[in-house]
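Paired with subunit B in one complex and with subunit C in the other, subunit A is shared by the two complexes that follow.
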Partner chain A sequence: MELQQLVGVIELPRLVLFLPELIVLITAFVLFTLELALSKERKKIILPSLSAIGYVLALMSIGVSAQFKGDTFYGSFTNDALGSLVKIFALIIALTVLAFAGRYFSSKRSFYGEFYYMLAFTLLGAMILASSYNLIIIYVSLELVSIGFYILTALLRGSFISKEGAFKYLILGGLSIALASYGAVFMYIYAGSIDLRDIFTYQGKDYHYLVLGIVFFLIGFALKIGAVPFHFWLPDAYQGAPTPVTAFMASVGKLAFFIPVVRIMPLVQEKFSLTWTLTVGVIAAATMLYGNFVALVQKDIKRLLAYSSIAHSGYILAAVAVTKDIGMKAVIYFLVVYAVMAAGSFFIVAMLERAEGWENRIQEFSGLRFNLPYLAFGFMVYMFALLGVPPTVGFVGKTLVFMALSFDQLWWLAFIVIVSTAISTGYYVRLVVLMYMKEKEKDVVVPQRSYAEALSLVLLTVLTIALAVVPEVIWSLVAPASETLFTR
Partner chain B sequence: MVEVIKETFPFVSVSMLVPAVSALLVILLKERYAKAISIVGAGLTFLISLVVLYLFDYSRSSAVQFYEEYSLLKEFNVKLALGLDGLSLIMYFLTTLVSLVAILWSVRDRQINTRLKEYYVAFLLSESFLVGVFTSFDILVFYVFYELTLIPMLFAIGIWGYKLRLYSAYKFFIYIFVSSLFLLLGIAAVSVQHYFQKGHFSFSYFDLLGLSHSEGIGIFLFLLFFIAFAVKTPLVPFHTWLPDAHGEAPTAGSVVLAAILLKMGTYALLRFNVGLFPDATIKLMPFMVAIGIITIIYASWMTIVQNNVKRFVAYSSVSHMGFIVTALFLLNYEGLRASVIEMFAHGMTSASLFMMAGFIYNRLHTFNMESLRGSVKFMPVFAIIVAVTAFAAMGLPGGSSFWGKFLTILSAREYSYTLAFAVLVGGFFSAAYVLYMLKTLFLDVKEESILIHFTDIRGFKLVSFLFLMVPIVLIGFFPHLFFNMFDGSLSYILRHILGLE
Partner chain C sequence: MKTIPLEAFFIVSMILFGLGVLGLIARRNLVTVLMSLELALNAVNVAFVGADYHLGLVEGQIFALFIIALAAAEAAVGLGIIIAIFRYRYVESTDEITDMRG
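== the complex of A and B ==
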């Protein structure tokens, strides 16, 4: 009798909802096995092409899985519009990472087969993280993404800064996961459930447990997204990691780490909304001011972009403070387009790093237009996009943030956004001025450029402008992602 | 509700596309074709604008004519809405005219000797964006074009400018970009106000006209908009970017900057600040007039003491912009007319003055006022041009600025004679600096041995001057040709939006 009851509870997982993840999972294991079996020369060709095939298949399968909405695995995995949107961009960016990784590593005179399956596992983690309400699943996928990033950061074994960055990331990342899980425990104590939806709709008496839980949970995620004052690992890790990995961390990593926070947004009740707004708002204000101020004095381009990434976490968090539909749309749009901008700008740095004698100093950008006109143009587009000059996605993102902030009359936060953007003008425009208005100091030649790289950069650059000029395309994904969560 | 008239042929978007396409051609083809393509492109745009001037229905100048719209984002009601009412029409004509003049001038400018392709691309694109600024009836799209004009100008100053070009380019970009972030916040806030009042977001100018703001919000939004436009115009505490930008920009850059880009500020003040927040405008009017008069007098004093002729002209521009803003915020019919006609007139005279400075620089290789003494002596044609421009800028009857200044004084008199007197004092100072400049150029004597080798103005440069001289004289003697364009729009603003008179 008891056995029958148990068997009766078992439901078959609806694998169609899980299809993209499943494909990436299989790809990862195949890559892992082949990495052990194949010879080095073969690996160089087979591993990237297999990953590319896997990712393309996964991308196509989103077309199928997006038709079916709902939960599976006993409610621990949720497939909805938000998840699909994140997965589309995560997979596209992962594909472009593949285009840059091979040449980058061979220019460092090394080849790492583990890069490909670690990338696949990290991607898998990011995809699951983006589509779960379950605290346990969030914890597991968070670990999966983080461990992947620790290893990918330390991939250049010979380099000191690579190891330093990875070690810092490991320690602070571990702390963040500890804090987030501690917060999860408090939430469980409050509601007796591990599903975020149940926790936040539960009308219990012991609010202090929930508040404590939210605070720890938020701090844990603030560490991951590099919000001030929990950002110390970020510049070192971004600088130390191989640049294609940095691009992946800054884009897909940030996208995935933000999603659980985004999923909480519509669940924040009236009772806590002021607490939420103030906590998130103050963190956002500190993050964007600090990030932009410190970026102003950087001499290394990767550190500059890392601090700009911190600043962008701040802009996005500013919209997180507004727990309304418009705030959520701003967050989702800005997250997705920031992923595109960050990936593009780091990829250009990755290409430049292959040039003889390139040391990532900002001064080396002088007169880049005369050496590499197309790369310089692309980089200019990204700089203007990160600054928020129309008609780029960064501009639309800032407009949406302003709309969200004026919706809740958070004028003080809006003015801090203005001030910090004003500060950021200094370093973004300086790069444009260096590239286009200074004489060149030396010849910069990028050897062995490939069509895959060129194609990826063109794709990302076109997206940077097209998603702003023809916003209807992406809006048809962003709007349902937000609206389904709010009408639930 | 503003009347909207559609046209079968999309004149406005074509006059944006023609320069953009020419810019593309300049990029794709060889460098030696760059000049020809840009002249043809800008000339074609100018011809289109003449056709538009001919087809425009002047009896209904308050209506938005040649209207076209293309939806960009339905949920927020963002549309590429282009059209021309009387006010837009004159600014649009100014844009196509001055852009053509700037490009004609550059053809023989010896200062421009490197990176020709990029140079012409910058000017063609800025023409395209400027047309967008003056014809957009969607406030977000307006902002997009408003910001886009920054980029070609950043490059024009930074690449082809004089010694301190990088510093000036930075300063220019940072001032304008940062100030316009306030505008962006204002635009976002206005659309949110539309959501609160009408239930959906909208950036359309026509929708936003129908809003009524509570007093506090109205003034707050007015100020957010005002900061951006005050820096752009510029008004006195915010003007410090302008002398640097003008002092270092290449001649054609200064021409476009002074003649058109500054007008974006005053145009937007009239279109958006006055149009969208009429109650706040009426409330804040005395302060705005005061800022305007301070700008006139302070900038006139600064002009007289300048040593560099380009900075001299730059400060004189600031003082003229002071006239425009003062007249605008007097908020009566004569005042609005004065401010709009002065926008156009100042576009002509300042462009001409900067070209004079550039012309003399090509001969003498200096901008120092001291070394310009008597420099027009052996160039009779040039001397005539200088005299016409200078007297027109001074406000002599028969010149273009006369109507602006005269009507400003007339409209100030409706409030009080003291106010009229203050404006008159401003006019007096502006006459003083123009006379000082004329004295330096004409009457002071220098060693003739250098001057005697100067050849007189001719060719492309003469043509580009003539393009400016004709409107200057036309405004002076037949002002109604121009008043006809925008009188209807202004009385609509006054009667229906402000509810005055």
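== the complex of A and C ==
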């Protein structure tokens, strides 16, 4: 009798909602076990192919899990349209990372089997972070993503800056997690619950603890996404990390770290719309201007792209400041397409780094079209996309941000978006000019190009244009994602 | 028996957190910086347990247990990175690991 009562209250987990994560988790553990058992030559073939199989299966399982919406594990895991969208792109980008990682690490003499399971665990953390309202789950998955990134950053053998970047990332990343969980304390003492939805629907009299909680929580996440007063670690970590890992950090990392902010955005706006708009707007303006100005004077291509990543955090934050539905749509669209653009541009740098004597200087790009016409063309597409030239996703993203700002009459912020885009022309166009209108400085030969790399780059380049020319495809995923968040 | 007010817990935790952040900024030794980070995370634990004592719930203590476990994992990774730094160059201070500029 007592046993029956006890069993009766236990809710069976609806594993179908958790299916993609489950598959990635199993893949990660299989990779972890095989990494110990296999010889080094076999690892190079078996580990990437097993990861790819796992990620493809997970990608297909989203088709199943997206049909069912709802909570499981006692409300601590939420499967909704936003989570599914993020997971689709995170998995696609993780698959493309696999295509570049093997050759890159071999050429740098630092092939580690650990890379593959750390990548899988990091991906798992990003996927869980994208689909939870529970503060404990957010904390644990945040640590999972971050610790994975610290280790992946430090994986380059014989490179001091890789370790330096990892240490800076560790210290500032740890501080951001401490700040976010300190914010969680105050939200918990306000509402007596660790579920973000309960916290914001709770009708308390005393708002002090809630405000304090939101401030600490958002400062923590601002550190993670590299918003301006808290951006110091980002260029160093991006420059130090192995380039395929940088691509993964700039795309999947940014996507995952933004999602909790996106989730609390409509909830906070109900209570404090004016303060929210002002605070986030000022941070966004500072981030855009600073990122673009400092990118102008960079000499290292990875560092330039890192500052461009900071600037893009600013554009996305500008849309976060908007208190209407359209703002949310702009945020989600821009996040997803930025992930594609950033991954593609860093992958091309990763391929170039394999060439003999390549040092990542911007001058080395001069005349690249004579040596590597296809890579130069791909890089030009990404540069134009990051700048926001019409037939690319960057243009649609910036237009959406601008539209969202005009709906909320935030003209000053819209003006700063335009000014900083104009500033960014300086460095994006300079790269294109160097590649296409200058004589070549030296011969650049990328050894051992593989079909997987070519296929991944073609896929990402096509996505960069197709998601803008035929936006209905992605819009049918973005619109429900933002509407479920708004109509709760 | 007198009950401890919530504010007392928060004052202790804020002092600890402040010391942690101060150590992070002001200290130069690599290991000390890592220790300051752990101090900041432990301040969060104190606040969580205090909040639970006030509310009569247990979720905060569960959270604190997770923080203890994952802070240990982070410290392990941090010490690993510090050892990797020592292998390349014998440095002790954060002022000496500034190869990247700009």
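What we mean here is this: the second predicted complex is superposed on the first by the 477 of 488 C-alpha atoms of A that agree within 3 Å, B and C clash if a C-alpha of one lies under 4 Å from a C-alpha of the other, contacts with A are read in each partner's own complex, and residues count from 1 in each chain.
Everything below uses one rule, namely that a contact is a pair of C-beta atoms (placed from the backbone, for glycine too) under 8 Å apart; a residue touches a chain by one contact, two chains touch by 3 or more.
Given the structure is predicted, the values throughout are model-derived calculations rather than measurements.
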Which superposed partner A:F32 touches (first subunit B, second subunit C, both, neither): neither
Which of subunit B and subunit C A:A479 touches, first, second, both or neither: first
Partner chain(s) touched by A:M437 [first = subunit B, second = subunit C, both, neither]: first
Touching partner for A:V429 - first (subunit B), second (subunit C), both, neither: first
Touched partner set for A:K398, first subunit B, second subunit C, both or neither: first
Touched partner set for A:F272, first subunit B, second subunit C, both or neither: neither
Touched partner set for A:Y202, first subunit B, second subunit C, both or neither: neither
First, second, both or neither for A:A414, with subunit B first and subunit C second: first
In the complex, subunit A residues that touch subunit B: 326, 384, 387, 389-391, 395, 398-399, 402-403, 405-407, 414, 417-418, 421-422, 425-426, 429-430, 432-433, 436-438, 469-472, 475, 479
Subunit A to subunit C touching residues, read off their complex: 135-136, 139-140, 143, 146-147, 150-151, 154, 160-161, 163-167, 170-171, 174-175, 177-178, 181-182, 184-185, 188-189, 192-194, 235-236, 239-240, 294, 297-300, 303
Interface residues, subunit C side, partner subunit A - complex: 6, 13, 17, 20-21, 24, 30, 33-34, 37, 40-41, 43-44, 47-48, 51, 54-55, 57, 59-60, 62-63, 66-67, 70, 73-74, 77-78, 80-82, 84-85, 88-89, 97-100, 102
Subunit A-touching residues of subunit B, taken from the complex the two chains share: 71-75, 78, 140, 143-144, 147-148, 150-151, 154-155, 158-159, 165-166, 169-170, 173-174, 177-178, 181-182, 184-185, 187-189, 191-192, 195, 201
